[in-house]
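Scroll down for the structure; my scribbles are underneath it.
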Amino acid sequence: MQPRHQFFSPARVSAIAGNTLLELVRQKVFYFLLIFALVLIGASFFMGFLRPELQFQVMKDVSLGAMSVFTWLLAVLATAMMLPKDIEERTLYTILAKPVPRFEYLLGKLLGVFVMLAISTVVMGAIFAAVLYAKEQLAIAEALQEGKITDPAQIAEIVRNVKASTFTWSLVPGVIAIYFKAAIFAALTLLISTFASSWIFTIVVSVAVYLIGHLTPIAREYWLADGGTWLAKVGLALIALFFPDLQLFNLADDIVAGNAIALGLFLHTVGLGCLYIAVYGCLAYWMFANKEL
Amino acid sequence: MPDPAIAIRNLTKVYPIPFKRERVTAVDHLSLSVEPGQVYGLLGPNGSGKSTTMKVLLGLVPATSGSAQIFGRDSTLVESHEEVGYLPENPYFYKFLTGQETLRFYGKLCGLRGAALRERTRELLKLVGLENAADRRLGGYSKGMLQRIGLAQALVQEPRLLVLDEPTAGVDPAGSREIRDLILEFKSRGITVLLCSHLLGQVQEICDRVGILHQGKLVREGELESLISIENQTQLIFENASPDLLARFEAEAAACGARLVEKSKPHTTLERFFLEVTK
Amino acid sequence: MKRIAVLLVALLVFGAVKLPMERAITDAHRAAYFRGAKLDLTLREQIGQGAFVAALSGFRGVIADILTIQAFTAWENTQWSRVIFLYNQITTLQPRVIMHWETAAGYTASDASVAALEDPKQPRQALRVKASRDFIQQGREFLERGIRNNPDRYVLFNKLGALLAQKTEDHYAAYEAFSKAAEFPDCMGYEKRFAAYELSRCPGREAQAYALLLKLYRMGASQHTPMLLGRIAAMEEKLDIPSDQRVCNQHGSPQ
């Protein structure tokens, strides 16, 4: 009745990934999307006194900022408690007592979190686009009404100008970069949880990495520049080497400002993100492989 | 000659204590063997090394030295788990899953799919008497129900070996009886069972062989009957014997040099009495 | 402990591997006008530690927006020094948002300068004029800084040209700004004409301006705006072009 044992089984990995996603769904993590929608709608009403161009700017900044915070928080909180909970409640024993290699278990768990983050990002992106679209239509109607414009060419120009300030497809790479930053943190948090003594420790360390990771390019610049004491150089070098450069994924601010990123450069950035994830994931497996349970 | 279900040779597990030079020897040169189809009771006080032995057998913890094999395969290999079903002590499964979802999840981990998985799930739920609770989340299950769903997930891939750690701990007498009956049924199907339990009365009812661990060492091991029999005593139970007949037996025994150690009425067990009264 | 030590070494080795990749991508980002914001200690002192950390963590836009709303309030209350102070921070945080440079220039070179000129609290006209010119200069500096951060966009060149044309006597600088704007393929289309108009207002450059105006005139009827025709007529008058060679008569109509 039983099939021959497979060294790697996508089916086993997807069973664990699906189970992880189901757990997160049933823990009602997606309710935060409601908060996100409320923040956006609230922000759009609050800024009624600003001129339309500035309103759109603020809406885009707030939306992408909220998206960045929520996805990062989700990634850290969902992953920090995954392993400790399974060990403490001994569900891990029943899983590893089945013919499931440890790397499939970790991979499945991580993939479940990645899928959850992807769903969250897509839904937040859709809410963002919808609210922006509603504001856009309102702004167009107001502009046409105010100026009592009937000339089709003028109408077309107004519509074009308003649309250029609202949702453009060039925002999508910024959103994908936000997703990758969160995914990197999921892998990193998993790595920390393999040796952390408690999930609180894991979260605190993840937050520290988040803050220091944004200083990495500055540390790298000063380390490689001339001047400075050797002690400072050592400290800066350690930061530059140990921590991921999270500024690489902060593209949203400049994309919102109208900077479109070339596909090649974007793929390079995302490729480095994949490298971070792969390395942190492999190190997490290495730490977990001989962990005494 | 078929491979033993479990073959442990000179197994030693030493835990270092962080920041100290001392080490704790949890299992000390343990060797034991369990033949296919047997129910083997692994007994011992708390801290005697039972859980560690089971964890090494299941590959959850690496041995310091020695080896453990399951049906001839090294227990550190993931493929050896295909033959094993495990029920840990006080198991917590994923509370957010229903009974049915739990079995489907573990079934998928064992390579079951589609109709075969659905059928197996249905079968197991019926076997452990949880058909009516199949769609209820495990967070709402009682202790006995959790133990039963635990047994069901241990059986999902039709293993040849079951490792049960305190399967009736915290379960009421009726539930405990059901689990005991299930274990006897597994035995009748030829499934090997390694059982750890503090409930010696139950172990005595179910097990063929027992091994007793103490401070990491196997201090006694053997067939249950031979271990607990008192060699130089014989027990006879009479029904409807008159006092005269009993007096004549006593006199005859004394004349042959035997000593009457005890004369008393046999007892039923408290468990049987309880079940009869609460039926 | 041993495993953690090995983990740290592995991270260090990975750090050495990722270092050149991070540098290369950072340089590529900067070349593509990403991450140009200079987040330094000066900014940290101005916006505070919390806002600085938030700005570093990827919330530059949000912090800039909060400051923009504060700047709007300051503008409403005609607190011009505060408007300039805040817009210095805003444009540092978001140097690639054209709107911030435009707004900063507009608030200073237009609103603040007019307010200074009409300041009832300043009885001396000379000081009022000086204050007004200082604000205009501040607006010009905002646009010039904006151009240094956005050399790939025509808008600020356009705005600079308009400011110089309307608020200063530096018509040649206005001509240069409009000419730069006109070089961009996505510009509005009128920049070439505006450049020519400004050049025509520069003493000693009439011939150069006339040549430019004629070139535009010959591009077709779409360029024959009243202003263009008027400037051609004025140049022909100034250069004393023989009437049979003139393109426009004294009233600025084509001959």
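Chains here go by letter, A, B and C, matching the order in which they are written, and residues are numbered from 1 within each.
Everything that follows uses one rule, which is that contacts are C-beta pairs under 8 Å (C-beta built on N, C-alpha and C of every residue); 3 or more make two chains touch, one makes a residue touch a chain.
The structure displayed is predicted, hence computed values, not measured ones.
A.B. asks: Taking each chain's centre as the mean of its C-alpha atoms, which one lies nearest the mean of all protein C-alpha atoms here?
C.D. replies: When every chain is reduced to its C-alpha mean, the one closest to the whole-protein mean is A.
A.B. asks: Which chain has its C-alpha centre farthest away from the C-alpha centre of chain C?
C.D. replies: Ranked by distance of C-alpha centres from chain C, the top chain is B.
A.B. asks: Express in whole angstrom the distance between the two chain centres, defined as the mean CA positions of chain A and chain B.
C.D. replies: Averaging C-alpha atoms per chain gives centres 48 Å apart.
A.B. asks: Quick check: how many Å separate the C-alpha centres of chain A and chain C?
C.D. replies: Whole-Å distance between the two chain centres: 34.
A.B. asks: Just the number, please: Cα centre separation of chain B and chain C in whole Å.
C.D. replies: 82
A.B. asks: Got the chain A residues that touch at least 2 other chains?
C.D. replies: Chain A, residues with two or more chain partners: 290.
A.B. asks: Using the touch definition from the top, list the residues of chain A that touch chain B in their complex.
C.D. replies: 1-3, 5-6, 9, 11-12, 15-16, 19, 22-23, 26-27, 89-91, 93-101, 290, 292-293
A.B. asks: Flag every residue of chain B that touches chain A in the complex, lowest number first.
C.D. replies: My answer: residues 15, 55, 58-62, 78-79, 81-82, 84-94, 96-97, 101, 105-106, 108-111, 113, 116, 150, 153, 157-158, 163.
A.B. asks: Looking at the complex, which residues from chain A come into contact with chain C?
C.D. replies: 47, 49-50, 53-54, 57-58, 60-62, 64-65, 68, 181, 195, 210-211, 214-218, 220, 240-242, 244-254, 256-259, 261-262, 265, 268-269, 272, 275-276, 279, 283, 286-287, 290
A.B. asks: Which bits of chain C are touching chain A when the two form their complex?
C.D. replies: 3-4, 7-8, 10-12, 14-16, 18-19, 21-26, 28-29, 32-37, 39, 53, 56-62, 64-65, 68-69, 72, 94, 96-99, 103, 153
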